[in-house]
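Here the chain labels run A, B and C in written order, and each chain numbers its own residues starting at 1.
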């Protein structure tokens, strides 16, 4: 694997080089606030398109609020347009722009989630490839950046990842001290980008320093959970009605924030936006936490209580995904924990399941909840 | 103070006066607290109250969050002032009956604006802006309050607590609109702002209506503005200023700016502050024959 | 004997939400009396001005209206006794919301027009249309907002290529 060294202060120049090569560049950026220093002011870091190398926060702060999901799986997009003329319906094609894109500053958790999205949207074995996803995916290169300071909500090491992992990366950067970055070319796409930046890359990198930095940051994670027993416990159908679901999920308010910020969540809805006899068929993000997500036309709703909807989410992440696709359902980014207004914590569910798995005689049903 | 609350909660549960006590407990992080539903008297030790207790608990009394399906005949709830405003407003709107709620009031000196800003104590650098000028630090409507309840003058008119309202009003129209355009660009219609609101209680929210589709669910500008304007309009005269909508937004948008401006309008036009009276109807469902109409041709 | 109606480069679209007992009848009277007034107005007849949901007005702007006109019976004359009082309150607050949103509230007009006031109808409509014509096409709710996916249509791409 080709390696090199890059100065952290040259990242802005890297962005400029990529922009000059007519690439669309997406990087973490602090959003300007109207009230910059009031007591409510928060740093809002998001991945957005940047137009200059001076306007980025790559490698600073922690996780951008939005992740990279929206650049592969659009928040909303038209599938086609239509027009009704009498009894005839004409389908009018729409044209999407898929510019060549480089996303720089992606953390390892977000990078690992791409494999999960690919297993849903571009699995040739499944017999269907979503062109809206595959077109974007094939034109996107990921320059990833190892974490240096995980916060208390990060738990990637509990889901078989690490804060310096290069999974899903095309070109991987790790801070090795003295303002330098160790650069690893992982894929052909990464090689192409490295070529664009070759004037700024030098030397052979420093593998030992990179591994040391990786080990140091891995030590910093405080939220550690044992995920090994989870899938087996969930596969036992008797546990579907365990009392823990209602006890832990009672406070969930079904706001959907967790699903929208989650890098692997990918539910979507399709509606027709009508104006008279013309319209567009539109695909946009949906959430299994909404109360009408499983509402049937008959009025029956199999997930009619909020705790059942959260139970579904936990199952999806820790059983359905790994079982069906052999890719992680959860990458431990911690966004759901930070975003949840009522502090519903997926790692509490993980700990509870591990506890139940270790104590099979624990209470299954709670009479107070009858 | 919290010991008195715990003792009262224990008494209520032991005597079977209430089915559940809704309060705050330690969260999964030192900077966070979490709502807790206590059904057994021995669990009352888990109840806490400190400036980290930012949640508005009355949303669990809202039928949208399964309150009417739970079968609780009487519910005790811990409330700081702004939460009790929400409870009073729910009662004034006939969403709750006064005698099905037992309000355990707590004295409050303010809450932290966001868990990220908690550093061990509450101070001017991290106190939520909604707490500035608060007139319900000693709550106004309670069934139990630890200590004396001094008389407080709560007749001062409402003023927006965020500086941004005044800043925006000073901008010209197109600059104002440009602000909404950029700030709301990152809204992806997750509806967290709707779900944390204690007053959003429609069984089927207007955005979920599909025949006809009033508000486009997709997150383009039309869909985003349509949603936020509708939400602002549906809360006119009802929003009790808990600020939860802004706190809950996962993309850090200050969604309650609209609500704060409308509260100012309601104060100017009708001299009304929601959440202080159990009987008064809010301005949009009442009228006076001589209401102002200086803009009418 | 009618007014000369000129056609200008920009003809604004005015949406009018009117109550059927007073304003709509007043407009009807204007028509049957062969009075001329600006043809830009498109009317939606509702049973009462109190039926007017702010949602209608938001949607009117979203669908490309340049101005929105609301009218009903005079206070005290409402066919349902109180509907227009609620409409008045609703509009007092809705106007402020629109202003805060950055929409010129000169584009929203509210009037009391009774069934006998055909002349008032023509005067108010003419004046409002003129005002909106001078304000021009609605700059905030431009094509990007009104038709967000038009940019994706293949024919538009080919036209702009």
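The rule is simple: a residue touches a chain if its C-beta (ideal position, glycine included) is under 8 Å from a C-beta of that chain, and two chains touch if they have at least 3 such contacts.
Keep in mind that what you see is a predicted model, and the values were worked out from it rather than measured.
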Longest centre-to-centre distance from chain C, chain (CA-based): A
Higher-contact pair (C-beta pairs counted), A-B versus B-C: A-B
Centre distance in Å when chain A and chain C are each reduced to the mean of their C-alpha atoms: 45
Length of the line joining the C-alpha centres of chain A and chain B, rounded to whole Å: 30
Separation of chain B from chain C, taking each centre as the mean of its C-alpha atoms, in whole Å: 35
Multi-chain contact sites of chain A, meaning residues that touch two or more partners: 273, 282
Chain C residues counted as touching two or more neighbouring chains: 149
Numbers and ranges of chain B residues touching at least 2 other chains: 168, 179, 218, 220
Residues of chain C defined as touching chain A within the complex: 63, 147, 149, 152-155, 157
Parts of chain B lying in touch with chain C, wherever the complex brings them together: 168-169, 173-180, 206, 214, 218, 220-222, 225-226, 229-230, 232-233, 236-237, 258, 261-262, 265-266, 269-270, 283-285, 287-289, 291-293, 295-297
Residues of chain A that touch chain B when the two form their complex: 31-32, 34-35, 38-40, 42, 44, 46, 65-66, 70, 75-76, 152-153, 250-251, 253-257, 259-261, 269, 271, 273-274, 282, 284-285, 287, 290-292, 305-306, 335, 337, 339, 341-345, 347-348, 368
Complex interface listing, chain B residues touching chain A: 27-30, 32-37, 39-40, 55, 59-60, 64-66, 69, 113-114, 116, 124-129, 162-164, 167-168, 179, 182-183, 186, 188-192, 194-196, 204, 208, 210, 213, 216-220, 223, 244, 246-248, 250-252, 254
Chain C contact footprint on chain A (complex, rising order): 77-78, 81, 92-96, 273, 275, 280, 282
